[in-house]
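Sending over a structure as structure tokens; questions will come in a sec.
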Amino acid sequence: MERTYTLTISCPDRVGIVAKVSNFLAMYGGWITEANHHSDLLVNRFFMRHEIRASSLPFGLDEFRTAFGPIAREYEMEWDISDSEIKKRVVLMCSKESHCMVDLLHRWQSGELDCEIPLVISNHETLRELVEWHGIPFHHVPVHKDNKQEAYAQVEALIDEFAADCVVLARYMQIIPPALCEKYQHRIINIHHSFLPSFAGAKPYHQAYERGVKLIGATCHYVTEELDAGPIIDQDTVRVNHRQTAEDMVRLGRDVEKSVLARGLAWHLQDRVLVYGNKTVVFN
Amino acid sequence: MERTYTLTISCPDRVGIVAKVSNFLAMYGGWITEANHHSDLLVNRFFMRHEIRASSLPFGLDEFRTAFGPIAREYEMEWDISDSEIKKRVVLMCSKESHCMVDLLHRWQSGELDCEIPLVISNHETLRELVEWHGIPFHHVPVHKDNKQEAYAQVEALIDEFAADCVVLARYMQIIPPALCEKYQHRIINIHHSFLPSFAGAKPYHQAYERGVKLIGATCHYVTEELDAGPIIDQDTVRVNHRQTAEDMVRLGRDVEKSVLARGLAWHLQDRVLVYGNKTVVFN
Amino acid sequence: MERTYTLTISCPDRVGIVAKVSNFLAMYGGWITEANHHSDLLVNRFFMRHEIRASSLPFGLDEFRTAFGPIAREYEMEWDISDSEIKKRVVLMCSKESHCMVDLLHRWQSGELDCEIPLVISNHETLRELVEWHGIPFHHVPVHKDNKQEAYAQVEALIDEFAADCVVLARYMQIIPPALCEKYQHRIINIHHSFLPSFAGAKPYHQAYERGVKLIGATCHYVTEELDAGPIIDQDTVRVNHRQTAEDMVRLGRDVEKSVLARGLAWHLQDRVLVYGNKTVVFN
Amino acid sequence: MERTYTLTISCPDRVGIVAKVSNFLAMYGGWITEANHHSDLLVNRFFMRHEIRASSLPFGLDEFRTAFGPIAREYEMEWDISDSEIKKRVVLMCSKESHCMVDLLHRWQSGELDCEIPLVISNHETLRELVEWHGIPFHHVPVHKDNKQEAYAQVEALIDEFAADCVVLARYMQIIPPALCEKYQHRIINIHHSFLPSFAGAKPYHQAYERGVKLIGATCHYVTEELDAGPIIDQDTVRVNHRQTAEDMVRLGRDVEKSVLARGLAWHLQDRVLVYGNKTVVFN
């Protein structure tokens, strides 16, 4: 893969933004390999993502930031630029269930998931061997009803020590304390095992079974203080029928969970997900 | 299509049911062209559906009922038998939106939907011309907040006068009174424009838009007293993204609504849907 | 819907195209409501589509064309601009099967399909009543093995007389002569009742049945001289199993055909489909 | 899971088969937990699958076979009965690509795929460490253009030595010699990386890219002498667009390949797949 810079912008919509940005890029010879725009006409906000060949620009990210600063200020942009050669650092958190972890670790190992995984944190020892076989350190941080404060202090310390860009709850099954949700806003990704907003909370497949639905699903979303209510990145469903028990739904649902989580994480790593309010723009 | 009888059975599960029923059929030379069984091991209930070549049996439905009665009683069966040559009578109810009506009327006209449609009832005049072009009587029964009792008395009288086997709410958009729900239990089919249980009630696409979901859906279900909570026959979803407004979702959702309703109704007409508790067994 | 201009561009890729075009638009105050770009890095070609608020520009299409001409020439663009208030004129061609016609006519009548339909041409009288009920002239042009030359001379004359922007073969089931394919290149849209390139040619559902496939599909494509080999606009599939006969597949396939054709046509009408070589870029 | 026997039958269709079989089962107190029937009315053949609680029958498989023999002969049945406690033995064959192997090995390790995997055979060493980490012997059988005969003699000897019930080509990428295809008829399962019959043979994703299709797919089928033409067990597709390169399609296709192969294999292991002619009945 050729080295690219990815520029993401969110700002109030008005005439001339694209011209301003593309002029800036053209002035320095920037070769755009992918461009996506979106105007939300209801809230009057503009979103933009550019991939630019790094070799086409005469400078690196620092100079880019300096040069682009005045434009960003003029248009009140929330913006960022990333370098494909600086891989994002993803801390995975898991519990006992292995399907999402096996899936993510294999995608990482095979090079499909373009990131570093400096650390896995789990409240159980169950997946240690799997994780370590992939050459990744595994930290066991037990969580009981009496040690939550110190447990999550330790989790926070690990996330910071390993300089995580984002945290993925790969069926972690524990509720993250509000303070951490806020500290790592839009940086903690969860997979919920239902088609939200249906069946938020515990045992969604059993809820689905009781209701007699004909499709089950999974939802990848950013974690917020309100449980299972954060901005949705991706969702998918799979058909079920009267023959499936709740346990069958759990099994069928696993395949949806892992594919939806892998897609959502990949888009996040590629800076394709822009959050505004409680929604996402996904340039995929 | 060859003439068939369709036998549907629901009863407590025990050894020997299939033998008993298939012996009975074999004794009279009954040629089974399709058979479906389901054992719900949790509630210990057995479900069965047989299509039998009418020409292979030496008698008609009345004699069948007489001959089969003792078996049915012995096994405490809820059961029914229908004749493919006696078409079910379906009363359609609609409001102003045409998409489900155009779809159902075309499927009926082209012979795909195997039923009679003796009558369409609507609370608006909007679709009269469409309905009458298909040669079907159209009754306008206006519904206001002050005339509900007499309006639904009229609706009930029409349903009974036209001897409807079932009633289809093809985006009727009015709440059916509890007494009618009970009287026509498992005989009123509704299409709800969301993936239930998400977004029950009014304006589901706008709710979906606000929540930022990435799939929208539709649900075909039997109407019960509790709004949007009856047994689900079928559901489906379609992918949306940040570019779709609530209005776009309404438009995209129409295609899901009409296909889910058409499928659900076809299965109902073919006696493929067996209800128990708040769930359905769908032998499709 | 607000009035918009849609600008579509295809040209050799190089640095500065987006800047040039967006500068041009910004210079005149053009407010972009939707923008899509695509760089095909293999063939080094760039594709772009802009929707611009008509009211934000100080001129109409003619002046736009004049003003934009020099840029287009400099960058060797194939390009076009259209006005949402000048509806495209679509001639539908059909045979005896009604499902695609009912679907398209209803989408047109309800305002979902934004075009004019000045004329329907058919080689059979079967659908006359349906078409005329929608207030559209119906021309019967019989086609036999001995009159093809004069029949298609008549078809051509009608297309030209009614100034069709595009022609839709809504299950027309006849092979269009090469000369017409060439004359109306990228302007004749067909729906083929298989997932191309599987089962090109006649009776695709029967071919699919014989092969024992587990999914059947439909393909919307531009018509070229080579049968069923033109640029694909959209495709979709639906699951089948051992219970379906070839006739069942025909019936299930109809729903896929009509939705794929409706989508493909809508995208064509919105200038979302750019053709290059035997492929399409679809900005949807 | 409770111990069950699974009885599968394929025979000429006639009146009384179900009665005969269900009588036989009822006579011995056999409790049927799942039953599936299919009549192919075109070829006049009947297919049946029963799951029976082992504890409800007074005997084991040998006595079952003896007792059922006369019925089977009378009705000219091809039939089999299996015991859920005798796990099928699956030999996996792979090459360098890991995605299907990781998926199958994890499903096996987690107990989802109910079989034994006594051996993995590969023409490369690439996946040895992965396989051995799962505790499964790995045999490297290199295949060159000059050693095919002895290589496949070795493969055959391994399959027989390890008493494989079936062989899974998990992206093995080599053509199996006709003699082996015949010897292990309906026991070798392949995953082909296209939606067959489109793009049989080599590099299907590149063929798909060249043709400009809008969906790509995968096909799980039994291997026969004719390449990529055996009975299809399952297929699925995933949407692509103009942004995907052939390499992207390879990546997206992997997820379809692994899920289709896992489903097809699971159905095969549960005796849900009955083959006749070049087609399958799949009781899923």
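Assorted remarks:
The first chain written gets the first letter, and so on, giving A, B, C and D; residue counts start at 1 in each chain.
In this text, a contact is a pair of C-beta atoms (placed from the backbone, for glycine too) under 8 Å apart; a residue touches a chain by one contact, two chains touch by 3 or more.
From a predicted model like this one, the values you see are computed outputs, not experimental measurements.
With every chain reduced to the mean of its CA atoms, the largest distance from chain B is reached by A. The interface holding more C-beta pairs in contact, when B-C is weighed against B-D, is B-D. With centres set at the average Cα position, the gap from chain A to chain B is 41 Å. With each centre defined as the average position of its C-alpha atoms, the distance from chain B to chain D rounds to 37 Å. In chain A, 34, 41, 243 are the positions where the chain touches two or more neighbouring chains simultaneously. Contact residues on chain B toward chain A in their complex (touch as defined above): 38, 40-42, 47, 195-199, 211-215, 217, 231-237, 241-243, 245, 278-282. By the touch criterion stated above, chain B contacts chain D in their complex at residues 15-16, 18-20, 22-23, 25-27, 29-37, 39, 41, 56. Chain D makes touch with chain A in their complex at residues 34, 98-99, 102, 106, 110, 112, 133, 243, 251, 255, 259.
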